[in-house]
Structures are given as structure tokens and as C-alpha cells.
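Read from first to last, the chains carry the letters A, B and C; within each, the first residue is number 1.
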């Protein structure tokens, strides 16, 4: 297995596009295989969607409706509404797997790999890229 | 890695059952491994659930409540409400992975692999089937 | 591929922490690879989140809001509201994949692997652990 650990500075942004990093990692190892993207934090997920055309604020709004940042949460550490961040990964999972051929991720034209992190208390995130099956 | 590209005619249907195609692909390569199902479109996902017993319209209704087809979306190209289609893959991810043993997907009796596509503007979809680990 | 089938007694609990079983399986086979966790039931999913700090009841509440246990469902077999259980896996997918290095899952400190099962009619569940890429 090929493995690379990314360190991502998210700042207070909810969405960080990782497509360039994923593509560079796949290219470096060439061949065919499955590439897993995994974020080892309990308040973050990995989603694949189109960036730069309005869907980031659209998704942000849906997440705030589904997981309101109020005082309803039993998990009540951290900033107000932080319990919502801990439910997020049940819906936006911290793991996705992408097929690779000839060193290229088989992403569609409008698909980006995105780190979703609604937690405003942590500004640095680790992401694992792991590739199996390369000839 | 074994790879096969499906071309699926979805028409205007939101749900297309891919279980037969997935099973046939696994059988062709025999052995044990992990089979990834990936749809390279930014308005579609892959879900595993029981088909043919009412859950398609049930899921359709939940999606319409969660992602209403009105004018709230910043992503505002395409048909009315199309911005909703672009948020869909954050919740119904475009990638799933299924274990294979002796050429058989280890799906449960009532599990089907389903292409979920709420976008009514595109009637043809590509799906990648990729298998690693086969002895 | 290394494979192990777990039999889990969930009773009427919605959440069963599988982290110890996943970790033990990875350790047994050592090496690096991708570990897939798959539940072959149509009313269950696998989520990765922090357990033991309030997020189980938090997630339970969100699921009840998103998928109310009333008579709205076309899928109307089983206990009242059982149709909701059949929509669950479209949002909390029955499959997740975790990178393994040196026989250790690369889970974060607060991440647990959790079987999510809102179906109260079945008290025993199968879970497949499958590992590819181990040297």
C-alpha cells in the first residue's frame, strides 16, 4: 500500500478542496488501484461534489438546518453548537474511495474531493491518502 | 485491478438498480476482493437499500424534504431546483465498496446497489466498477 | 484478502461500538492495507463518530427528525415506522473503508466504528471485515 499523510490548514473554512493533492498523489504512484481518502477527526467528513459554483454555501445551509447550532445537543463541550459537529460524520462520512487508472483518479469533470469540517475550534487537519492494488 | 465501465440509461428515473451488473462483474473475475462502485457525476450517488418494496418513493420524499426543489440554491444553473441535485452527493456519496468472496458480492438478501440521480436533465450515466485484491 | 465475519448481538440498541473488533482483526493480520466494514442488512449502516460523550442520543434524535417513525412510509411491513429503517442506509451507508498501517487502523483518537441499526425487530446482526493490500 502507498500512503501519504496530508496536513491541511482549514482555518475557519468549512470546505477545503483536496482534489489537487489527491490527483498529485495518484500520479506519483501511477498504475491502477483504489485510493482511499480518510480524515481521522471526529467532527469532519469527506464529500465529493462540485466546488466554486455555489454548492459550498448550499451544503452549509442544509447542514445548519439538519444539525442546528443551538443548545439541543447532549455532547456539549467546546463552542456553542459543537455537538452538531459530532453528528456530522454520520451523514458526511470521514472516508471515501476513488478508483485510479493509469495514475488518474476517475473523477468526473465537475467532481471535487472536499474536506468538510464545521468545527471552528480546530484549524489544522490530517488527511490520509492510501492506495492499494497498484501493479 | 479489474475495471469495467457501465453506461446506464436512467431516463428521468431517480433510482436505477445496478445489482445485476455488479454481481455479473464480480462473478466474471471470481476470487476474493473489494469491489468499488463509483459514479463520476456531480449530481448522483450510490446507495445500498431494498428496492421494489416502497423504499424508492420513501427515499425520494425524504430527499425532497431535505433538499427542496425551490429557488433557495446559490448553484442556480439548469432546471428549477437543480442546485439541490448538487448537494445530494454530500449525503448520498458517489462511491461505495462491497466485499467479494468466491466471486460473490457479500450483499444481504434485501440489499440492492442503486444509482440515485435526481437530475432530470441527464439521461445517460457512467458507472465505474473496480475490483482489487483478487487472488 | 483477509476476511472475518462478526456476529453482533445488538438487542434493541441503536448503536453498537465495533472499534475493538475492528482493531483486533487489523492487528491479527499486521501489515498495511484497506479494511472494509460492511453490514449485509437493509436497515443498518456503519458510521464513524465519537461514542460515550452524548453523540449517540444526539444522532438518534436527528434520525428521528429526518426519518419520523410514523405512518408516512410506503414500505409498511414490520413494526410501526419500520419504513424509516429502510431509508436509513441511503444516508448512513452500510459500508466504510479504513486505512491500516502496521496492523493499526488509522482512526483518530475520538473516532469509533459504530453499527447503526434503528430496526428493533432484529437483535442479531452480521458484519463483514475484509482487508486487502496486506504485504
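The working rule: contacts are C-beta pairs under 8 Å (C-beta built on N, C-alpha and C of every residue); 3 or more make two chains touch, one makes a residue touch a chain.
This one's a predicted model, so the numbers in the text were calculated from it and none came from an experiment.
> Same or different, please, for the subunit B to subunit C contact, judged on whether over half of the interface numbers appear on both copies.
Comparing the two copies, subunit B and subunit C contact each other through largely different residue numbers, since under half are shared.
> Roughly how far apart in rotation are subunit A and subunit C when fitted on CA atoms, stated in degrees to the nearest 5?
Subunit A sits rotated relative to subunit C by 120 degrees.
> Between subunit B and subunit C, what is the separation of their C-alpha centroids in Å?
About 20 Å separates the centre of subunit B from that of subunit C.
> Note the residues in subunit C that touch 2 or more other chains, in rising order.
34, 66, 91, 93, 97, 132-133
> Once bound in the complex, which stretches of subunit C touch subunit A?
So the residues of subunit C in touch with subunit A come to 32-34, 47-50, 53-55, 57-59, 61-62, 66, 91-93, 96-99, 101, 106-108, 110-111, 116, 132-133, 135.
> So in the complex, the part of subunit C that touches subunit B is made up of which residues?
Listed in rising order, the residues are 1, 3, 34, 36, 38-42, 66-67, 72-77, 83, 86-87, 89-91, 93-95, 97, 126, 128, 130, 132-133.
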